[in-house]
Amino acid sequence: MKDIREDIAWAKINQDVMKSLENPRPLYWVILFFAVLTFGIGIGCEVYQYQMGMGVANLDNPHVWGLYIATFIFWIGMSHSGTLLSAILHLMHADWRKPIYRFAEAMTTFSLMTAGLFVMVHLGRLWQFYYAVPYPNERWVWPNFQSPLLWDAMAIFTYLSSSVLFLFVGMIPDLAIARDNMHSGWRKKLYTLLALGWEGTDRQWRNFRVTYLTIACFLIPLAVSVHSIVASDFGMSQQPGWHVTSFPPYFVAGALYSGCAAIITLFIILRYVFKFEDYMTLPILKKIVRLTFAIAMVWTYLNCIEFASVWYSHDAVSKDLLIQKMTGPYAPFWWAMIFCGSIVPLVFAIKRFQTNIPVLFATSLLLNLGMWLERWMIVSPTFSHGYYPWTWDHDQWPSMIQWGIVFGSFGWFTLLFMVFCKMFPSVSMYEVKEMVYHRTLHLKQNGASEQTVEQGVH
Amino acid sequence: MSVTNLLNNWAAVRHFHPIDDKPHDPYKWAMAIDLDACIGCNACAVACYAENNLPVVGREKFQHGQAMHWMRIERYWNEDSREFPDQGAEFLPMMCQQCEAAPCETVCPVGATNHTQDGLNSQIYNRCIGSRYCSANCPYKVRYFNWYDYPTTDNVWPAEMNYQLNPDVTVRGKGVMEKCTFCVQRLRAAEVTAKGEGRIVREGEVQTACQQSCPTNAISFGNLVDPESRVYKQWKAQQVDLAKDEQEKDKREGGTDLRGYRIFEDLRPYPSVMYLERVRESAV
Amino acid sequence: MIDSESTKNLSGQAFDRRDFLKVLGFGGTAVALSGCGNTSIEDGKETVVSYVEAKDYVIPGVAVYFNSTCAQCDAGCSITGKIREGRVLKLEGNPESSINRGKLCGLGQASVQHHYNPDRVREPLLRNGDKGQAISWEKAYELINEKLQGAKGEEVAFITGDVSGHQKVLLTNYIDSLGSKNHFVYEAVAPAVVRAGNLKSYGVEMPRYRIDKAKVVLSFGADFLGTWISPVHFAQQYAAFRKGVDGQRGVLIQAESKMTLTGANADRWLAVRPGTEGILALGIINALGIATGDVAELVKDYDRARVSRDTGVEPSNIDKIAAILRLRSPSLILAGSAAEGYVHGMQNADAINLLNHVLGNVGKTIEAPVSVPFPQLTQTKGNTASLKKLNDDLAAGKYKVLFNIATNPVYTAPASYKYGDSMAKAGFKVAFAHYLDETALQADLVLPLDSEMEDWGTHVPEYLADTAQINIQQPLMERLHANTRGMGDILLTLVKQRKPEEYKAFDDYYGYLRYAMLQNKAALGGSGDDDVFWNDTLSKGIVKLSGASGALSAKAAVEGLKLPQPEEADKQYPLRLIPSVTSNLRDGRHTNQPWIQESPDPLTTIVWDSWVEVHPKKALELGIVEGDIVKVTSKTGSVNVQVYVFPGIHPEAVSIPMGRGHEAMGRYAKGYGVNPFGIMDAVFEGSTGELAMHETRVNIAKTGQRVIVVKDEGPAGGKQMGRRVALSRSTDQVDLSKEV
Amino acid sequence: MSKRHLLALYGDFDQAEAVVKELRNTKISGFDVNDDMIVKSPIEHPEVEKFLGEKPVYVQWFTLIGAVLGGSLGFLGISSAQANFFMQMKGGKPIVPLPPNFVLTYELFILGGVYITILGFLICSGLPAKRSPLYNAKVSVDNIGILVKAEEAAVGALKAIFAKHKALEIQEEAGK
């Protein structure tokens, strides 16, 4: 199996990655076209919904939340894998993360931006969204700091801005490379501006390392808190199916899971579209797949814990809801979630599938679907089978408008992501060089000071 | 200076409402609904439409569950798989329970729903941004969202029909949450009048629209801290204490022969509406 | 509109109700002006007066209240209208009225939507081909006069609903002046057989029922809480009855084939095979074992086994009912739809009323009515037999001119009458209407009526609670549309055409009414100054009279009481259709009021549509589920309607509510639901000739379509799924005596 | 007293290390090895620190200040906002509830930490800045650059050392 070659010329790394900024495969443009198309549809739906009122989403009075919130959680969850790869694995000195963490981090940023859109789309009075912002205003009315939604807003803001900064800071050396290699034009100017005059001096690198490490340390608890807070939106409420103590870890596990699944999907797409076969190698993919499998099993376990705790809690209402999820109108989706989330990842346990790109691609899409269904199954059944039997569901199938906006969000994410990958080096050049450097070093000193190398790799 | 103020008032702002405090001075509006007297005739619900400018949403939106009835009459069958419901139906008027520890209040991101000093759960339409978290967290599902802009929707208030709108009550536009207010416009008018005369609102001086129309007087409404009020007497007689999540009488061995109860008391929202159980004759 | 002269006059003169209205009306216009930017103010005719110098009784932002009378049904509840800036906003019950004592049902409250309804007829319309052409009132009166010239007295017919008070006087005078005797008083859901049965059993048509005095009420299909006679009043009696004396709560037993609102509130609801209520009544008399003489003779064959077999009521229930009736006295036995619905309705009513005699309730819980000292003002009681007669006459081409006053027989007549075709045979059809309903659409001349909130009038309800009273109806605001007229004004104008001399003193109906009332000031309990009396009367909205109570006949006639055996099921049409009267919609005249449409039916919680109720057992047998569209076919016709599986109906019956299925009338009524009158067979009660509503036999067949039933109830139906929401307990578990 | 810049490029890290060592050991007047030498590299070489000598990094102090400020000001700000102006009375909860405020404090702690760390990074590493005139794009490919600043007099000696260690290229600032 081909891994990143130790003898690859550093200049070639620069060339290869810089090429991705110039001429991707034609599939890139096809993807971009569909992204723009679906995003356009989403925009159309949103404009209509803005004009007419939320009713066109076909939500109803007991069933006030629907796909918007479910998809919101989905996108928030997706963002976690970027942090996992760039921060957690960074601290753990896993050097295989280096070629892929950049796009994972971009995914974090853009999925957070997509999730942020859903907060807006979901609001009945979008034009008044700033009431939720704690800005000093003429009337001295503050938002309600007790609301988990406000914590959410705060956490997402923190997470998004920290992620953007983290992404940016980590990209500065590469921006400098891009600056140095780009033919003159607006892009060169842009890179020049963004590179902040990076020269790779010892002082810069020294501060860079500490900064990067520090932010990574912040990002890990932040990421955990973000999804715990999203879980609090539900866990802090009184509703059956939501008021579950295991929700925060469950959400975090789900988030990592869906993020990893998304990374596999995007890995495969990027690898092909930008001709990154030399960098996004199959051994790396194999590692992600194994990681995903492990997280999938954690998620499955936490799922079982949730059901078991509901089952043994003697809380008739929650139990009712669980049975309803398994047998009621949502049953097909619920079982599909179990299938996609717990059964499909078993494919990853089979060694020969761990590097089989078509299988992995299909599987990762199924995992994503499963994770999206999971979020839907968290949000909707509680409304349709809550405490108050009289108000159990009327007719709550999301309207085309709701679906349109959900699909539009995928278009929006893809658009942002694809444009980013074409605009900025989606493989971290300097870190690939580091990786190559350390491997060479390792080969050189083979046997002599193995331990030092293992630890010395950054 | 805000921090000084914060420190000075620390004790006050750390009070738990209503348990620690005695905030209900001089009013705590509360209700008692006798399910044995309720005949399910819907007069209260129509009165609510008339008083509170509720939109008639029409067939299609009603089908989608977007009805705006602040007060809904629920009809339950207690037939236990008998062939006929031979003890009749059970009607239950359900509206906002004006919980003392309302689950909806804490979760609103913008503070559009708050507790008032007289024990109401108020909804500020202007402040509402429509996150609908309050409704999601309401165990009774008595909050109604404006899914459409009803004032401009065809045939909701066409010309002339809009003349009927009560000028004391806002007409709500799209995207805000609304719910039963205990006819707060009437309460405020009465409170202001009473204040001007240096007294508190007397029993019977103010009625909610539903109470006023109820042909069997199943609904009584009044000031729970006024020992003269019927509501006070009813709560007292039924031994239902506002600030308890389990009533003493229910802990008693062998149960109680009183029929006052509050719905979902065990969830600890401390609702301000006491229901009196329906009674059926045992001899037939 | 207010003119400058009256503004001047107003400032210095005694308060006059009409001027007051003008002031109010101005307020309304001013608001309209600011609100809509569109008024009918013509140059130089109006004086703009700002709120700063608003006239008497108009304080911007402060509501004024006026008493009037509700006209949504014939119960005659007194109402208090809340008026702000010249607009009526909300109606409450008038606490002074002994009928409704400050309460008002949903239907009554919805009458503001009748008043403000966007679909009201606004101009006199003359048929011009398929279209209506707006004409002036002068032209309309001329036309009527002209058409009447060409018709003899007996060729002119009037069809009206219940009518009482001074309108009735004017109407009668007008009909007399035409030399006609053809006044048909038609009410689609009137308790006509009950009246006839009462007359036979008690000697009066409408005694006073004292539910509040009864310890046990046994009702055979009388929906006194929902639709029967005076529901708001009975509901109040019911509340007292439930409270009982010393914590002994009144017991309600309801025997009927389709659960009504009253049945839903019963302690024991008995599903009786349709039409066998009389048998059950006799069975209970038998079980009581206290009857003697010819009554005992009559009931001796009605032993428990037979009665149970015939009626489907379990023997143990008959025993329990007999036991509680024996034990708790006085009781009250009521005959409602059991009487109205069947060919043998009178027999049923007699048998049921006989129970009251046997139990000695007559005189205790059934009291003699109070009589109104002005018989000319009392209500002309409508029935359905009159429509049959009219229809036959019309079909025979007897009438050249037909006046249809605020009724809608094209909609409410059973389809087999083909009333529309019969009506077409009348030469000239005048409809006095609020809406362009089915009947008005067939008329040649449609004359728009004021709403009851714009019009003057007096009403004497048929059912008087405590004392005799005359209800005043007065405008709560100025006329909303310039070209509608009050029925009284129209009648006055018409009668002036005939007898100009007699009525020339009266400019308008208001003048007539005031004159007529002042004439009888002493008899009405007034004294002193005319204006004081008049204003006092108007402000109270009620004139209470001391009416004498009559006597009831002490003994029921048993002769001729012979109940038919329950019929075997028809092979082709195995089910009985019960067209149910719901408290919201009644006979469908208020369907265009959106509050009514959106007010869920109390039992099914369905809105905006019709349904057919099928018992779960029957539904299982037929393989239908909720939401299936079925074809309900009778001998007369068929309708397609959604199924609601409903446990409160006898399996041999299905029920479709009345009131929906309008083909005209307005935006809120047209096209919603089906009209059960459209498949009703013309079968009549044996002795009164009233339409026997429950005698239609139908079959139902699936059409294969299925819809989502639009209702408030969720998919959990009436189940509480183990949650403690609506709790219930039995009387032995509760001590009511301690309650407040 | 103007100084001239010199940039030498090396293709190998070991060569660069040797140069630095030699520069350290050789005393050249008009050139201070601690102040006047900058090593530029395409990747981060932790070894650079070793041979350049310990140079302190102050970013952590920014982090500490940022986090403490973010957390404390956050808590105070939120509690003050709740306790002053329009109080939002929530049934069953105090006006200033601690658990929610702690959640927000936590977020603001991180927010402050991250923001001020970035600020510290920019300040400590002197960014954004103009590139030095002797910047060579090869440093961002694979070469190690050694940028020195010296008195005119020392230039020759430096050049000699660079050349001795087989510099791929030596760039010189134009004389002034």
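Things worth noting here:
Per-chain numbering from 1; labels A, B, C and D assigned in written order.
The definition used in the following text is that a residue touches a chain if its C-beta (ideal position, glycine included) is under 8 Å from a C-beta of that chain, and two chains touch if they have at least 3 such contacts.
Computed from a prediction, not measured in an experiment: that's the story for all the values here.
Each chain's centre was taken as the mean of its CA atoms, and the one lying most distant from chain D is C.
Between A-C and B-C, more C-beta contact pairs are found at B-C. Put simply, the C-alpha centre of chain C and that of chain D have 89 angstrom between them. Chain A and chain C, compared by their mean Cα positions, are separated by 65 Å.
Between the Cα centres of chain A and chain D there is a gap of 30 Å. Counting only residues that touch two or more partner chains, chain C has 708, 713, 719-720, 723, 725. Listed for chain B are residues 63, 67, 72, 74, 106, 111, 264, each touching two or more other chains. Within chain D, contacts with two or more other chains are made by residues 81-82, 84, 88, 90, 93.
An unclassified topology is adopted by the chain contact network, corresponding to no line, ring, star or complete arrangement.
The touching residues of chain A, when paired with chain B in their complex, are 52-55, 58-65, 122-126, 128-129, 131-132, 141-144, 146-150, 153, 233, 236-239, 383, 386-388, 390-391, 393-396.
Within the complex, the chain C residues that touch chain B are 28, 31, 35-36, 61, 84-85, 87-93, 100, 102-107, 109-110, 112-113, 116-118, 225-226, 231-232, 235-236, 238-239, 242, 249, 251, 253-254, 259, 261-271, 317, 320-321, 323-324, 327, 480, 583-584, 594-600, 602-603, 605, 607-609, 617, 647-648, 667-668, 672, 708, 710, 712-713, 717-720, 723-736, 738-740. On the side of chain B, the complex with chain C involves touching residues 35-37, 39-43, 45-47, 49-51, 56-59, 62-63, 67, 69, 72-79, 83-92, 155, 158-167, 209, 212-218, 230, 233-234, 236-238, 255, 257-259, 261, 263-264, 275-284. Chain contact summary for the complex, chain D toward chain A: residues 38-46, 48-49, 52, 55, 57, 59-60, 63, 78, 81-82, 84-86, 88, 90, 93, 97, 100-101, 103-104, 106-108, 110-111, 113-115, 117-118, 120-122, 124-132, 135, 137, 139-142, 145, 147. Note for the complex: chain A touches chain D at residues 9-11, 14, 134, 139-142, 144-147, 150-151, 154-155, 157-158, 161-162, 165-166, 169, 172-173, 176-177, 180-181, 196-211, 214-215, 218-219, 221-222, 225, 229, 232, 430-431, 433-434, 437, 456, 458.
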